[in-house]
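In the two complexes that follow, chain A is the common piece, with chain B as its partner first and chain C second.
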Partner chain A sequence: MTSASEVPQAGPALLRLDGITKSFGPATVLHAVELDVQPGEIVGLVGENGAGKSTLIKVLTGFHTAEAGQIRLDGHPVQINRPSDAERLGIRVIHQDQHLAGRLTVAEQLYLGTPGARGASRRALEARAAADIERATGQQLNPRVLVEDLTVAQQQLIQLTRAVLAEPRLLVLDEPTAPLAAAEVQQLFTTLRTLRGRGVGIIYISHYLQELEQIATRAVVLRNGRNAGEVALGEHAGHGALERVVELMVGRSVEEFEHRPARTARVGEPLLRLRGLAVPGHLAPLSLDVGAGEIVGITGLVGSGVEVLADAVAGRRAHEGEALAAGRRYRGAVGFVARGGAYVPANRRRDGLLVNASLRENLSLASLRSISTRLGLLRRGAERRRAAELIARLDVRPADAGAIASRLSGGNQQKVVLGRWLAAQARIFVLDQPTSGVDVGSRSQIYQQINRLVDEGAAVLLVTVDLEELVGLADRTVVLYRGERVAELAREDTTVDAVLGYASGASHAPDATQEAA
Partner chain B sequence: MSHSPVEAPVNPGATTAAPAHAAPTHTTPAQTVPAGSELRRGATSRQRGGLPRLDARQLVAPLALAAILFVFTLLSDQFLRADNLAAVLNQSALLALAAVAMTLVVRAGGIDLSLGVAIDLSALAAAALIADGYYAWVAIAGGLVFGAVVGLVNALLIVGLRIPPFLATLSVWFVGTSVQQLLTGGGAPIYLSGPRVPAEFAFLGGTGLVAGVPVAIAAALAVAVLGWALLETTRFGRALTAAGEQPRAAAIAGRRVGALTFSAYVIASLLAAVAGVLLAARTNGFVPASGQLYVLDAIGAVFIGATLSRIGRPSVPGTLVGVLIFALLANGMNLIGLSFFWQGLGRGVALLLILLAGVVLAREGAGGPLRRLLGPARR
Partner chain C sequence: MSTTAPERQGPGAGAPAAAPARSGAQPRPIRTSGWASYAGYGVVALVLALFAVLSPVFTDPANVASIINQATVTAIAGMGLAVVVIVGGDDVVEGGIDLSVGATAAVAGSVAAVLVSAGLGPAPAVLAALGVALLIGTANGVAVGLGLRPLLATLATMGIATSLDLVVSQNMKIALEGQPFTWLRDAGGLGVSGAVVVLLVVAAAFIWVFHRTRLGVNAYAVGQNPTAARVAGLNPARYRFASYLVSSGLAGVAGILLASRLSAAVPGIGTQILLDIILVAYMSTVFSRRLVITIGGTLLAALFVTALSNGMTLAGIASQWVGAVKGALILAVLTVVVLRSKAGNR
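After this line comes the complex of A and B, so read on.
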């Protein structure tokens, strides 16, 4: 299944990883992985979440030590036991989404720990910083601005400049384009091509396969900690190269994926309607109906707009366009909840759970009216009974309404957040990553509850990056790519391969955007 | 813990440890349901069946109170006498009022440094109105209105302009102090001479008994009971607590966080105004900035009281324990002849020891409002 690289091999590879094996406890996460990079070559490293990409890079950069295998630079074996070893050998990494915090200016951050910078005047440093950034990245950045005030994309420029200034032999970029707009992506690629021209080897990790195709000569695919294969890209690419990459990543064909049996309930009238809902800078106008008895899935990569969609629908983020619940416009989270809306946010401990409160308080929070008198006095007995019912229905452990929520496992916490909306008898559910950090047992229980809700006529908008969850639950799936709807898949067409293809930009559905308007 | 959507889009459930030759074992969520019951048992057997309800640190404040009672009973034979204890209660009634008000604000996730301004402005208004010959009820109403205005300003700054409570109320405190001095011609006290004081006003100031209890104590008790009921037995109190502890989560659950916070500051300043009117009646006049003495004691009492809760949540009963600790400590130190100057030291050490013991005994770090107030900024 491996199509050999067609890059001409003159002399020893710049980097050759051979038989890299790494375990954490009983789990082996890398099995004899191989990777080589020629001087002046950009190699894409791709794979599903947990395929071993990050671990491999951490071995290469000295954060982890492999149990077996060899790292060779220019044909000579090297030992990389700590990050400083890697730096000394000229290996630099630009990490994904690495926040440069602190009250440093751009210039200070750029030369932090750089020997030559000591003693130089502030003004001289700033002039040098501006020049260095422009030379290294082709973009401009005010060197006097505080780093914490920069966008992620601008912070990345500092990282990139630092890496370029170090004159690396090998540069590793981990998902570098996720925070970038299209023009910035091209700018980054220009920088990378310049580096490539100087003979720097580049390992480029990305889920944005379409972009990978523009910049990399081949994609090395990892799956379950092993080399799954390699696909030539760019000028050497064969027909359907990206589809082949997706296939290698997923490691199974469409037929192997089974769907949940169709629900008997018919989709009823639309309970949630989005009409041109847009979040400027994140999400292009999106129109979508979710009917009673229907689960509509939404997914996409970082930067696709999924990360803001749930907040916008639930009234927690300013947006353009209209959102209607049960046929009526609503404003803000209070309006959403008042119209029968329920929001299970992705950040459970900050936005979902009252971590410092009892399960009883958590379960009652969205439905205080139903457990209090007209004068606003709580009816303790009613509250206790209902909490006990919900705890039993959701199988929350410990089954103790007085327990403090922070002491529960992630799965049980999520059941409590969901239970809060069952108590409120909500009909429109916006679930954002409902099973992230949830153990397998609780996960299936949460799925059961979601299915039950839908059978009882609820409308569910399922925002998730867990594609198996999507395939298993969603009646329809909308895929976002860089803020736009690129596909809407019916249940029978929803497969991990198909969704991943659209989400990564590898596949195109030409008419999807018209449909969205 | 920002959520990172789609670090990688696919199936975190795919196990990296699975042998690669094994056929794909992925199942859809619906399919995993039957297997779930077994897995679930495995996952939860590690958890404790029940959780302890009482933490050692919850006992620190009551033990401190007992220790103070014990030590001063040994050191002074007047300490434990009924008339002395009654005097202590009478003197601490106004602090209790201020501290209950503070409890409300801290419960709402804030702090009110301007509580003393509310006390002072209401005392000033009441005293000035009496001095001008108005009826007692006009003076009382005027005092309450003036106090409530302070709370309104706080609420507007904090909810409307999103200024952090500490800074907003600090500003109001500065301004309020100045306002008092300007209104009183540079801080000259207002004295009400005996004949001009209406009987109703004198009744509030100490001559009156409600069911055999001095008015101030009765008022403090009534406010404490009402405050407790408001926080613990009503929808409002429940929602306010959630809004204070986790504003984002409360908002997502459909609670009107802004309105709840707003009302907490207004109600607190109204309660402080009650203390202000009683202060004017008790002192027969108005001495500028006298209400401000209560603010820091009230904050101390609230945080001592919060240690009574296993989750560090302030409550009215806890606050009253804090008030009693301060009041008995001051009284005892007086009785054994330690000068006024020693009392701040005593109060500070008591507060520090109780909070320290709470931190040391805490299971998972000091949570709750203390951390919220003193810890790094959130958001």
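After this line comes the complex of A and C, so read on.
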């Protein structure tokens, strides 16, 4: 069930992509993908990461060239070989996190590189900026304010205005609502409806299905580089349209990841307790216990609060409410570690690793006390022995304690960061995206280590956007949506569909606000 | 199959599309083995050999002793600065730096000389001088702790200390004689002055701390990646504060050694010695296989830089050319090191 012909249409489609095929080396990432957009239509483009959405947009905007297939605008075939071709044809993209120059004012940023702005007086430019922003988005923004002092939503207004000033025929928005608060989302939608009214075609990429339903007329679903199907939304939506979208995204043929066998050991006393932990603007108060011998998974989309949760628990981010480790309240990263806490950050190179130091030094970082004398003299022999043990236990390659950390693969670096906490004999593990950018082999070794830790009585808070990982590891899973806990799933209820449903806002749990046991 | 992981490599199909969005900046990979690791030593040896050929006096034991004696001031102050850069990171703009070391040394020398000439005993005079130095260090530590850029904060305290030096000395040369200052100045047995003894003690202590103790290992970790150090339970702010105290304290010691060697506190000498101090601390990377700042390397760099000046004088190079030749030789050494680290990248 592919798209185009089923949709009733008056004239030629504004945009029609036909049989777009693209490979990178041996991997074909787009297989004859089709997509069409009518003038004044908002089309949702959805799919899991790696489904081919970004590649498709890059083909459309001239960053990649397709091997096969055709792009038609108003029924006429066009060639888009470079980004300037796409711009000339009136195709504009607003990227997920476009970097604006923080030290410029709104007016300066708005007309940056625009030839018409040269020579105009500052005052005239600012008046024009205010008028342009209001006309383009229906909202107001002080043109004299520095860009870095704006909220993300306000920065988005600049991008939108820039795009609108170019009078695009087709606008592509990549996950535009992720950083926005609920009210800001509605403002954005008002702007998009205005654009739609002017006949602009819009491709809207998002994981927030519930929001997509409010704005798009249909969702085109990609899976593994192919059209998986299309679902009508909005006023034409059938019953259970969003559930259908999730089904198409996940695919029925997909092998469910094996649940780990239920643990025989009972969950012990709570080692990590969160009581009303909140980060204003990102995370609503969350209470949660993680017991000895238990893995609690936390997941959600970008913007759901998962990004800040791990940092807050590890003491790296100011928060409201309390966090207790082994029954005692702690503050800050130093306090967390002193209470037996361990933190594996999502960005290991930036926040975890000493990239220019050896594996041995990296492994010892959190536990030098245990391998030095009371006066602080290092016992190099003990350090070497322990490093060798850890390298063997984690199967780090190369198995050379003197190797420099920057030389290792991502997976091996992650093993080292984890190994540092094994050396420190930590009991409370906060793992933030522990296998992102990790190869398959290292991934299963990291899973083994996590399971072993838990069997030995550690408590693990697993913050991850990798749903397979949740299904495979977590004893229970908490799903966040826009900062709120929307579901808590027991191990046997944790499936990719269920989690995706709650995380995207497609499903609603009746017991959404229920406290953890 | 994953949902939103930005970095996740899909099995097959989506892999190239998933860019590693959040990975940090590429670190500078470092060569750790092979002949090239010793290139720095090689070039230094070559330069010294050249001088030995140009002037037979250069390798004379008395001349070598005099080089070591002269190197004490830059070496000790340089080690203090090296500690700041190790703990603060070697980013030139954002990292650790202490521009006040030269002026701090000068003011410490002046304070000691003024107090001794006023009739105070040497011990209280030296203690007062070190106290003034530590006060400047405290100001640096507090300012940096508040979040000021070290480059700017210590530039400001450098101005204060320079001015303080002129106020204390009333812009006059003040003699510093008597024990223990003459012991520090004059060669004793083995042709070694007291200053060299001080240097050896300080160097041994700091090399030991930075290579053999928890404190030193943690200090390197804090400088390399403060976030990772904090995540691992260390408190980078404390290390940073302490590093500025160490730097000022050693600058104070260096200032007293300098005044002893010259038999007087010379006003305004701080700005003259500052650049050599910075030079030897940064040049220590030449003697490190990982191209990091080291205490031992700072000592070697101080000896090398002093030997350069000495060698050029002996070789009869006209004094107006000394700066140019010295600069060119230092550039040569640094270039070789940069090239070998690039070679290590391939």
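The rule is simple: the second predicted complex is superposed on the first by the 497 of 517 C-alpha atoms of A that agree within 3 Å, B and C clash if a C-alpha of one lies under 4 Å from a C-alpha of the other, contacts with A are read in each partner's own complex, and residues count from 1 in each chain.
Basically, a residue touches a chain if its C-beta (ideal position, glycine included) is under 8 Å from a C-beta of that chain, and two chains touch if they have at least 3 such contacts.
Just so we're clear, the structure is a prediction, and the values are computed from it rather than from any experiment.
Visitor: Clash or fit: chain B and chain C on chain A?
Guide: Chain B/chain C on chain A - steric clash.
Visitor: Just checking: does A:351 make contact with chain B only, chain C only, both, or neither of them? Give me first, second, both or neither.
Guide: both
Visitor: For A:442, select first, second, both or neither according to whether it touches chain B, chain C, the two together, or no partner.
Guide: In the superposition, A:442 touches chain B alone.
Visitor: Applying the document's definition of touch, where does A:400 land relative to chain B and chain C: first, second, both, or neither?
Guide: In the superposition, A:400 contacts chain B only.
Visitor: With both complexes overlaid on chain A, does A:266 touch chain B (first), chain C (second), both or neither?
Guide: So A:266 meets neither chain B nor chain C here.
Visitor: Between chain B (first) and chain C (second), which does A:88 come into contact with in this model arrangement: first, second, both, or neither?
Guide: Neither partner.
Visitor: For the three-chain arrangement built by superposition, which of chain B and chain C touches the greater number of chain A residues?
Guide: On the superposition, B touches more of the residues of chain A.
Visitor: Touching A:411 in the superposition: chain B (first), chain C (second), both, neither?
Guide: It touches chain B, and chain C stays clear.
Visitor: Once chain A of both complexes is superposed, is A:301 in touch with chain B (first), chain C (second), both, or neither?
Guide: both
Visitor: Could you say whether A:343 touches chain B, chain C, both of them, or neither, answering first, second, both or neither?
Guide: A:343 sits against chain B and chain C alike.
Visitor: Following superposition on chain A, which residues of chain A contact chain B and also contact chain C?
Guide: Of chain A, residues 27-29, 48-52, 207, 224-225, 250, 299, 301-302, 314, 316, 333-334, 336-338, 343, 345-347, 349-357, 361, 364-366, 368-369, 372, 376-378, 402, 404, 406-407, 420, 433, 436, 439-440, 465-469, 496, 499-500, 503 contact chain B in one complex and chain C in the other.
Visitor: Taking the complex as given, what residues does chain C use to touch chain A?
Guide: 1-18, 20, 22-25, 27-30, 32, 212-215, 217-218, 220-221, 224-225, 227-235, 290, 292
Visitor: In the complex of these two chains, what residues of chain B are touching chain A?
Guide: 1-18, 20, 24, 26-33, 35-37, 39-44, 47-51, 53, 233-236, 238-239, 241-242, 245-246, 248-256, 310-313, 364, 367-368
Visitor: Would you pull the chain A residues touching chain B in the complex into a rising list?
Guide: That would be residues 26-29, 31, 47-52, 96-97, 175, 207, 223-226, 249-252, 256-261, 299-302, 304, 306-307, 314, 316, 333-334, 336-338, 343, 345-347, 349-357, 361, 364-366, 368-369, 372, 376-378, 395, 397-398, 400, 402-404, 406-409, 411-412, 420, 424, 432-433, 436, 439-445, 447-448, 451, 465-469, 471-473, 496, 499-500, 503-504 of chain A.
Visitor: Flag every residue of chain A that touches chain C in the complex, lowest number first.
Guide: Within the complex, chain A contacts chain C at residues 24-25, 27-29, 48-52, 54-55, 207, 224-225, 250, 254, 299, 301-302, 314, 316, 333-334, 336-338, 343, 345-347, 349-357, 361, 364-366, 368-369, 372, 375-378, 402, 404, 406-407, 420, 433, 436-437, 439-440, 464-469, 496, 499-500, 503.
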